[in-house]
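Beneath this line is the structure, given in structure tokens, with notes to follow.
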Amino acid sequence: MTNFQGILDTIYETAKATKNKGEVANYIPELAKIKEDHFGMYLNKLQGEDYFVGEWDIPFSIQSISKVFSLALAFSMLGTKNILTRVDVEPSGNPFNHLSLLEQEEGIPRNPLVNSGAIVIADILVSELKNPKEDFLQFVRDLAHDQSIQFNEKVAASEAKTGYNNFAAANLLKSFNNLNNDVEAILDFYFHQCSIEMNCKQLSDAFFPFANQGSCLKGNPHLNKNQVKRINAIMLTCGFYDEAGEFAFEVGLPGKSGVGGGIVALLPGEFTLTCWSPGLNDKGNSKLGMLALESFTTQTQLSIF
Amino acid sequence: MTNFQGILDTIYETAKATKNKGEVANYIPELAKIKEDHFGMYLNKLQGEDYFVGEWDIPFSIQSISKVFSLALAFSMLGTKNILTRVDVEPSGNPFNHLSLLEQEEGIPRNPLVNSGAIVIADILVSELKNPKEDFLQFVRDLAHDQSIQFNEKVAASEAKTGYNNFAAANLLKSFNNLNNDVEAILDFYFHQCSIEMNCKQLSDAFFPFANQGSCLKGNPHLNKNQVKRINAIMLTCGFYDEAGEFAFEVGLPGKSGVGGGIVALLPGEFTLTCWSPGLNDKGNSKLGMLALESFTTQTQLSIF
Amino acid sequence: MTNFQGILDTIYETAKATKNKGEVANYIPELAKIKEDHFGMYLNKLQGEDYFVGEWDIPFSIQSISKVFSLALAFSMLGTKNILTRVDVEPSGNPFNHLSLLEQEEGIPRNPLVNSGAIVIADILVSELKNPKEDFLQFVRDLAHDQSIQFNEKVAASEAKTGYNNFAAANLLKSFNNLNNDVEAILDFYFHQCSIEMNCKQLSDAFFPFANQGSCLKGNPHLNKNQVKRINAIMLTCGFYDEAGEFAFEVGLPGKSGVGGGIVALLPGEFTLTCWSPGLNDKGNSKLGMLALESFTTQTQLSIF
Amino acid sequence: MTNFQGILDTIYETAKATKNKGEVANYIPELAKIKEDHFGMYLNKLQGEDYFVGEWDIPFSIQSISKVFSLALAFSMLGTKNILTRVDVEPSGNPFNHLSLLEQEEGIPRNPLVNSGAIVIADILVSELKNPKEDFLQFVRDLAHDQSIQFNEKVAASEAKTGYNNFAAANLLKSFNNLNNDVEAILDFYFHQCSIEMNCKQLSDAFFPFANQGSCLKGNPHLNKNQVKRINAIMLTCGFYDEAGEFAFEVGLPGKSGVGGGIVALLPGEFTLTCWSPGLNDKGNSKLGMLALESFTTQTQLSIF
């Protein structure tokens, strides 16, 4: 029988003892204030107990992890077909030139988990939702069964002020007629979705439907099997910027990272697992988080492959 | 209980009734001679009977599917770490400019399943094997438990004569010092590996180890679990040229296609499945083969996600 | 002795008789209202009479031609060295991906005559000028010795409303810290500079200093020889989008085009020459204007080469 | 009256005193044997005396300078129109990815002075000339009025052995059907043309026709005015790799450099000027040569602009 708690404890000790913990993202001034020595993990098993270690209960900025939630909400409202006319599902593959690819493919983002793709999804939600920001936040709260989850207005404002690259992407999309709403309104929504704060437990709970054929902890259906399969496929091929292949190769689970240092991964039918460590590697993923997940799947021999 | 034979039969009928079967690859003159109306499938279940339909027993040119065999042999001889210094494991992501990416990343191919990456693997095997072509062919025969498998010398010669793009890639790799042997010797090996002819049954048998933790039909270990996991991960993220994301999204299985019209896919612990239909879609994958696999996983609800 | 008037008359007749006059730019709604059958030319010889034909006295939107004036003003205020740290002087060379190159070169535009480069120059002028828009307009009026030259506020407003691509470029520059002022303020200046309306005579007069070692029609020095040489060099290598090489090859004069259909060219020591015809070729340059200048230099055998 | 000898002498003294003379090209083993402290210049005035300084009479490998001769021969045999279907005349603009651009533009090189373009010109000459290598050498000898000019067979062989990047380019061109002869035959010609050895005087003599409307030193016509204009235009926009804009900007003359450390430039109607200094800057042009020509045009105030 696998000793999950023992494995988490070992990973935690190794992480704590690691000297080079990576560098905290500094392009969003509010995020740069976080110390890099936080570390927490939370394992939510579909059957059986949960396991956790370290600072699993401290909320952090989920940032790009929110893209999975917005994609799920868009899929659940419109189905998958209607969305694929405006965003592709291919890995981005190009480490340096993300606007370049968008330009080359005439305004169709490579996938919904790169910034430009998530901005298109944000545009869809701004059109479809009555009160976009409130309704989206409520969706995340419902997935996690936790009504205390909040936006961090300071982080959203900080990114609105300095997020020139996202303004560039949104304007480029607009120039290709792939946005229906105003750039300002879309990015206001987008910066808010990224600013949501959750802890490791809340994230593992909110990702439960992706491991459980669409139904959350309480058994409520949020997505159908078909949508879950597709979201997991996108996470696997596109969830880690230019390190998606590496993560699939070393870890072998669908997952999503954020520059706040969070990583959520899952094994369908088995578990969801969140790790948080704010220091990033040079690809923009949590340095210790990547190592922790690699260690977890190596020790447990659990992966989709 | 899933009616596998019924599902294969239905797919076969639909395929036969489809008018636009795609276009047979014509850049290799020898391959252009094949008619596009062949169609066969072969399902090899780890436990239980095999199922098959149509022309599952006609050999065809496996072409790029051979890259999985060469990667497997390289991993089994050298381990994964030694290979990753010379080839990356990220999806290529760029539909148009494959030499461009190679140039940009200074001679390190994006992954071992694009041509440039497979040429680096070929270089490794030319260095490591005593009789490279013979030893490689024997490896494939052993995986499939079929000593009748052969190179097609005409196809190999045809590609050697017209494969300018591969000569370009190999010379570019050489200019970045990422090939140790002569371009001619490496490409002779590479064109031979691509020219191997197998039928659907032989391919499903040869891929058995990738679904069975490294052990073949007869129970002989060829790869360890760790290597199998990594090969499957690479197939999932990189196995279908610029349609890898689409295949993961619609089908949800690790697999590999070739311009001969073959596709092999697998579900770890469950089955290997080969489809052959020589007409290609505009991304270079078997048109009906892609639809067949999508239909199979939709009807059976079987996928890694 | 060259019969300049005869040459202009012949070019005019040929242009009038040409059926396919190209297409008027439609991405700026205000400009799309112009009819494509205007045609005028104005030759200002340093020594001797002027020659003109057709609608040389109808004002049109100078658009990108204004980039030469803003570059000249920046050079005259700061010298050439201080500007080259923020913008390069190499041809852009890439027909499709202009933001791509900007991204690849980390926010340093290829040259001051591509949009991103002109936006950097606009930023410099917004910083350096007391009343940026007024002072710039005055500079152009002084070059041309014509105080009636005006902005077209409707065109400026039209571009501010729909110029998403320029907003994308400016935000990308800002993300690389290559803009000091607010994007809005810079683009307000930039859209105004582009909206200036001038006729062929006014443009030929305003370009007089570039053919006359820096001194205008009345003999006032505006630039030194060194600056003029460099501006002419940039026009020759970068003045015609992705058709700069073609223009150098076929025409052999420094010059600059705009999407309003204007082209100004010059031969140092000899003349300035403006042509206006609003229909554009597929590279975005005046279709008949390119042919007119080619015909003029072929007939007169006058070029810098 | 300009003191040409004094200017050359000053430039020579400055060059000799410069510590960092750049690095000799080492990718062709035979060329790497040259010492970097050679320096010579030779000015051939159309009217009046010649001026020279330093090691103007030591032959060196002309390398890419030969591309101007091959282009001139192709133009003189076929006219300009027939060549432009197979090679464009636009600056390459992209510092890093030369094969990338070739791939993107489907096998049409950007211009005849990049390697891929010169290989297409070489293919044309291999088709058109009876004894390609001998006839080409004779053409160069005739331009220079010097029958002693020779190929350096060691240099040609050295490049044939290590010129993988050129083999990559040629095979890529071949894959796009833009070469009619065998890659081996074309590159044999190409490596020979590059291996020609000439001294500064011979080069200034051989370029005389480009400054003299097509007629050589002895008055024999080799090209017509139209062809000369176009060759000069291509030199100006494309003659210095990714430093063409910079050379136009700082020097303001048509010219061509080679990795052997030679640079030839010219002012139509006035002079041809060759400088040789084997150390290269990081763009691959002679470091001291670039500075020498900049100094020469600044002091003499002579340029096409």
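The chains carry the letters A, B, C and D, assigned in the order they are written, with residues numbered from 1 in each.
The rule is short, and it goes like this: contacts are C-beta pairs under 8 Å (C-beta built on N, C-alpha and C of every residue); 3 or more make two chains touch, one makes a residue touch a chain.
The structure displayed is predicted, hence computed values, not measured ones.
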Need the most distant chain from chain B, centre defined as the mean of C-alpha atoms.
C
Chain A to chain C, mean C-alpha position gap in Å, rounds to 47
From the mean C-alpha coordinate of chain C to that of chain D, what's the distance rounded to whole Å?
32
Give me the residues of chain D that touch two or more other chains.
96, 104
Pairs of chains in contact here are A-B, A-C, B-D, C-D
Chain B touches which residues of chain D in the complex?
96-100, 103-104, 164-165, 167-172, 174-175, 183
Note: in the complex, chain A contacts chain B through residues 88-94, 96, 101, 104, 110-111, 225-226, 228-230, 232-234, 236-238, 242-246, 248-250, 252, 254, 268, 298, 301, 303-305
